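Two complexes follow with subunit A in common, the first pairing it with subunit B and the second with subunit C.
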Partner chain A sequence: MSEIERYIAPTELAEAVEVLGHGGVTIVAGGTDLTPQINEGRRSYDATLMNIQRVRELKNISLENGEIRIGCLVTVSQIRYSDIIAEHAAILCETANCFASDQIRNAATIGGNVCNASPAGDMIIPLLVLGVSVELASWKDGAMQIRREPLNKFFTGPGKTIRHENELLIAVVFDQPSDNFVGQFRKSGPRPALEISTVTVGIGGDVRDGKFENVRVAFGAVGPTPMRGTVTEAALEGKTLNEDTIQAAVLAAGQDASPIDDIRATTWYRNHLIGVFTEELLNNVCQN
Partner chain B sequence: MSVKTELEFTINGRPVNIEVPVDMTVLNLLRDMLDLKGTKYACGEGECGACTIEVDGMTINSCLMMAVDLQGREVMTIEGLSKGNALHPMQKSFVDHGAVQCGFCMPGMIIQANYLVKKNPDLTREEMKRGLEGNVCRCTGYTKVLDAVAAVVGLRG
Partner chain C sequence: MSEQVAFQHIEKTSLIGKRIKKPDAPAKATGKTRYINDMVLPQMLYGKILHAGRAHAEIISIDTSEAEKLAGVHLVVTAQDTPELRLGFVKDNAPLKNKIRCERDEVAAVAAESEAIAAAALKLIRVDYKDLPGVYTIEESQREGAPVIQERFPDNKSLKFEFKAGDLAQAEADSDIILDDTFNVHYVTHCCMGTSCAIADFDHNGKLTIYSQTQYPYNYKMDLAPALGIDPGDIRVIQPPTGGSFGAKLDVYPFEPVAAILAQKTGRPVKILFDREEEFINSPTRQPASMHLRTGCTKDGILTFRAADVEMDNGAYTSWGATVPVIMMRTTSGHYRVPVVDFKGQAYYTNNSYAGSFRGYGNVQMTYATAQHMDMLAEKLDMDPIEFRLKNAQKSGEYTPQKSYLRECALAECLTTAAEASDYVAKLGKYTDDRKAQGRYKRGIGLASSIHNAGGAKIHKSDGCGTILKMDDYARVTVITGASEIGQGIDAVIGQIVSEELGVPVEHVTLVNNDSDLGPWDVGVHASRTTFIAGNGARRAAIKAKKQILAAASKQANVTAEELDLRGGFVVQDKDGAVVTKLDKMLRQMHFQPEPDVVMVSDYYEPNSEPEGRDHISDHSAAYSHAVHIAEVVVDTLTGEVKVEKVTMAQDVGRVINRMGLEAQMEGGMAFGLGFALSEEMLFEEGRLQNPNFRDYKVPTAPEMPEIEMHFIESDCEEGPYGAKGIAELPTIVVAPAIANAVYNATGIRFFNPPMTPEKVARAIWEKKNA
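Take a look at the complex of A and B:
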């Protein structure tokens, strides 16, 4: 096991980002993914351990000028009980409610769930449905620079993202959904929580005059990364939801997903669930 | 050896000032450095809840939390729940309902149950089940555990 040579716990964001710029930094926040990965030998510490939990400004959820911003250190519990999120993006509360256990929700951060980049990362699915972007901060020429990238371009493989080693994911941001927005999330598993997802599906869009518009569909645990279902989105965009359009979407969902056989389920079963959940969620949208 | 850092926090109302290795978990700090062995190590990966403690009034798995993150915070472990030899009402209810068998999961179970009732004094039985889903018990079958918690919130078993 590699040795930690330096420990730092900044209170200012700029300091945290500057430290990252020197390279060789392991970031710790809630610890719920990092600790087991270290214990199992799947990961080792870099020379510097940086605890970012004291950077207070990263712990807030805000709504300003039509944009919702969730700081990277916001916990899954905070999202579950946030009034702003409940009012404008209830799909996130719903997902938070199915995420792990109370004890893990109280510690796990949204930034950690996104950066861990598990194909089965639960919170990522509603974030894709909401069309969020991530803010990545880095230190350049003596100042902090921030770039924004859409979340659907963020993941490159299991545990892999476009985030550079010297960048800190500081927030997820998205436009306040319209009053017509309906979002639905479904996760597989025999119990609501503490279950690594076999399949997750999220669907959202605006229901206007009986038509489904600005549709976003996301699938989890059915490919190497959490993904947008572009074929399904195209099948649904601008359509009136009825038996025919829903069945067309179910077929499209099968084309979007490329699940594997693994310890949790077979390819056949995952494909089956994708269809069942897509149909179920679209029926729910109809009822809203 | 990893580098160390000095931490100040309170544990069960008592201030602590201690130097810890920066890669230590809260659970190891409690058991190995502070001799508070009520909090149990079982799965070590956040699945079972035996190591549940409260930090700043929120329950967490102490096997997953880094000790360095305790700086300036308030910790409560099972040792902080009773007053001397007088059991806390939640502990007494577990005893009265026969909800404890081997007992290994109980410190975590009781800390989590107490947290749920503090957060919501009108807890329903369904909410208890959801709230305790992160605490695994291999002896009791949970029914008596739920009866014990229900008695504290005044529900009939």
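Take a look at the complex of A and C:
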């Protein structure tokens, strides 16, 4: 473990972003991934440890002009009990409901879950289904600059993203889903809590006149990053959801995913579950 | 004062069977309890052990010089500094190792000013290893020319057990059905909430005080002494509150003598405390086993024989794990009427981790096999499954082939009670029919039963327990017992029993049982024995005290002692409860007189049982008990997830003593069995544990616990306190095969190799469907 030389806890976003610009900064928010990773020796602290928890403006969920914005410090528990989210993006509440345990949900932040970029990161799947973008803030020429990137281009490998070291992920934003939007999430494991995902599947889209449109499909823990299932999306887009469509989507899901064997599951089981969950979720969409 | 009480009458009431609160529960629930893990002694150093992290290797060289130079490091030791010290069941283990035989092996140890410094020092120790070919399965261990693990055992064979009764060939010939299956049970571990910890401190006279989580403080001294080269008499064991044991602390493991060696050499107290990952890797496991079981019966459903050939992975060293056939054979031979028995058990050294004692000791393993065979036979016979079991169930007064005397046998009552309460037979038939129908979710119901010792187990020279009881001038009682409290609740039970006999409030009974310099001998917390043995001891001591008090009171009241009783803090007339005098006043009068009569009594209770013996033909427990579990499950045939919705239990408890403690034991014990059946598994790859964490080693969580319906059968054991029998292990033993039988009922698939994980179940269903 390297030594922390400086601890800083800014209250203003601009200050946090400026500090980040100097380099050599470890950001701590909820700490639920950082702490075990440090303890296991998978990460080490940089010279500056910056606690961003005091930046109030990053803790809000808002709906303005048809855009929903979730600040990076919003906790999984906040999402679980948010009226805005329950009304417009219930799939996030559903996911929050089976995320780790109460204690972790109370501490873990949405920004942290996204930046940790685990292939098994639960909250990422519904975010991909909602088509969110991330806002990345950096300090340039004495001012804060913000760029937006779609989340499905954000991940580059396990634990790796396109975020630069001097950038702070400040929010996830997405268009308010239409009234016809249906989103479904499924996670493996018999435990109602404290389960690390073997496979997660998220499916969302607008159901109009019996047809499934603007379909987004996302898979977790079946490849090096959380991923959109483009083949599956194509198999579903604009189709009437019937048994043939669903079976075609199940086959497509098998093409999208490239799971591996590890101590949690074999490739066979992961592939099997992807099919089972895809079918299950599409049946649920039908029932809705 | 006496005017006030003169007309008072106190009715005779009993606490037996009532719900008694565990005295330490509030402190434990609120975080006030100071566990051994929290303890800090003045001048204490922190010890840390360098484990090999490889399964089989020679140590070419160890360079500790850099570690020694680190500021704050007081000492680094290796096996070079501690020659000829041995420990373990066959003394094949040592505190520090010259050669690596498993991942856990202790290579060096550091004592430093802080845990962080000790950890940093470990990283500076340079060890040169020469890796050796390893042995990771029983087959590899048996192979001609296999690498030798322990030089003293060149054929890699460790302990062996045998029991035979009757003519097997004849029994086979007499059988209409013979089942022949191999069950493989896996590695699981205790997962005590309090990780392993020891604090060692030598005084100037060379006497060691060891603060320990041990559950057998008196024989612990005998096992620890040779690992230190000191006399067992020079060891004092103090047992601070401990976060669970469940058998894990029924032996001495290397970290304990290592703490003592560091303390001895530094002259300072030394504490070793495992973190969770160290705990997973370096703690004992349950003994895994491959059990080849053959069971025969006639077409009328009468059992003809059981033949069990059990092979066990001993791991690199021998602790209590490899001795589990002692109990396995009692179930093989004694559960249901089995006229002919052929039991063999053999342990083989490998480079894997090694097993210790674990709640259910051997019987969790064996019952997983026998209870499934009973289920399979009932189906093959096409006989009512309860009728089949009742036909073979023993009755009170029968002996098993090993001469276990089933004086009070309530097996039949357990079977019928559980079956009726759960509507077992009807559901079994319905779910069998439903199996063929369409549908993702399938229901199943399964029954399993077993027998276990319920009055201790005389595997040592004595299975006794000493008790010292004294009363002070204020009628407060102190009981000094040999029985340890490791969370199981003997504190509540002894308070209850003493209160029952002496008519004082439970809160007025103080238990002293955490210091081997004070306590009289006890064999330890194991074999579901403590309420039975220590409870009997406490009761006998209390009765002696009562006699002494009533004798004194009878002189004063001019009546016979038999006409008096102790109730509610008073001496009363037995017939109508009329108060004679206050108890504290009586005690002061006894004390402060020319010939003082102070209440200080002692007792050593030795149960009426016979030593196990080499031939294993003995009534080794003072009582035996049965339990039946019926599990109701829902299987998701696509994901393979098994949800246990309900467990109906019927257990012969002899007599309920503390109902609250009993219920908690049933729930907790069942949770162990649930994890064993469905989710818990230590995954080893070439001797190295792959999942040393709660993320990937899945202990059941609260929402996974099924609804539990308990039926306590009170057979009124002649030898037990108030008729009670030992109860703690059966709930762990019986639930897993009940679940396996239920999963079979739901899916038509037998799981011979637990755990029944979602993937394993899904795969089996998928393969059956696509065969």
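Just so it is clear, the second predicted complex is superposed on the first by the 288 of 288 C-alpha atoms of A that agree within 3 Å, B and C clash if a C-alpha of one lies under 4 Å from a C-alpha of the other, contacts with A are read in each partner's own complex, and residues count from 1 in each chain.
Here is the rule we go by: a contact is a pair of C-beta atoms (placed from the backbone, for glycine too) under 8 Å apart; a residue touches a chain by one contact, two chains touch by 3 or more.
Model, not experiment: these values are computed from the prediction.
Within the superposed three-chain model, A:210 lies out of touch with both subunit B and subunit C [touch as defined at top]. In the superposed model, A:158 makes contact with neither subunit B nor subunit C. Of the two partner chains placed by superposition, A:24 touches none, neither subunit B nor subunit C. When the two complexes are overlaid on their common chain A, residue A:4 makes contact with subunit B while staying clear of subunit C. When the two complexes are overlaid on their common chain A, residue A:150 makes contact with neither subunit B nor subunit C.
Once the two structures are superposed, subunit B and subunit C can be ranked by residues of subunit A touched, with B on top. Residue contacts after overlaying the shared chain place A:269 against subunit C, while subunit B stays out of touching range.
In the superposition on chain A, contact of A:194 is made with both subunit B and subunit C. Shared interface residues of subunit A (contacting subunit B in one complex, subunit C in the other): 191-194. Every residue of subunit A that touches subunit B in the complex is listed here, in rising order: 3-7, 9, 28, 30-32, 35-36, 38-39, 45, 49, 51, 53-54, 77, 100-104, 106-107, 191-194.
In the complex of the two chains, the subunit C residues touching subunit A come out as 638-639, 641-643, 678-679, 683, 690-691, 694-696, 698, 701, 703-704, 758-759, 762-763, 766. Listing the residues of subunit A that touch subunit C in their complex gives 188-194, 196, 263-266, 268-269, 272-273, 276, 280. Of all the residues in subunit B, the ones that touch subunit A in their complex are 1-3, 5, 22-23, 25, 44-47, 49, 52, 58-61, 63-66, 68-69, 71, 112, 115-116, 130-131, 133-135.
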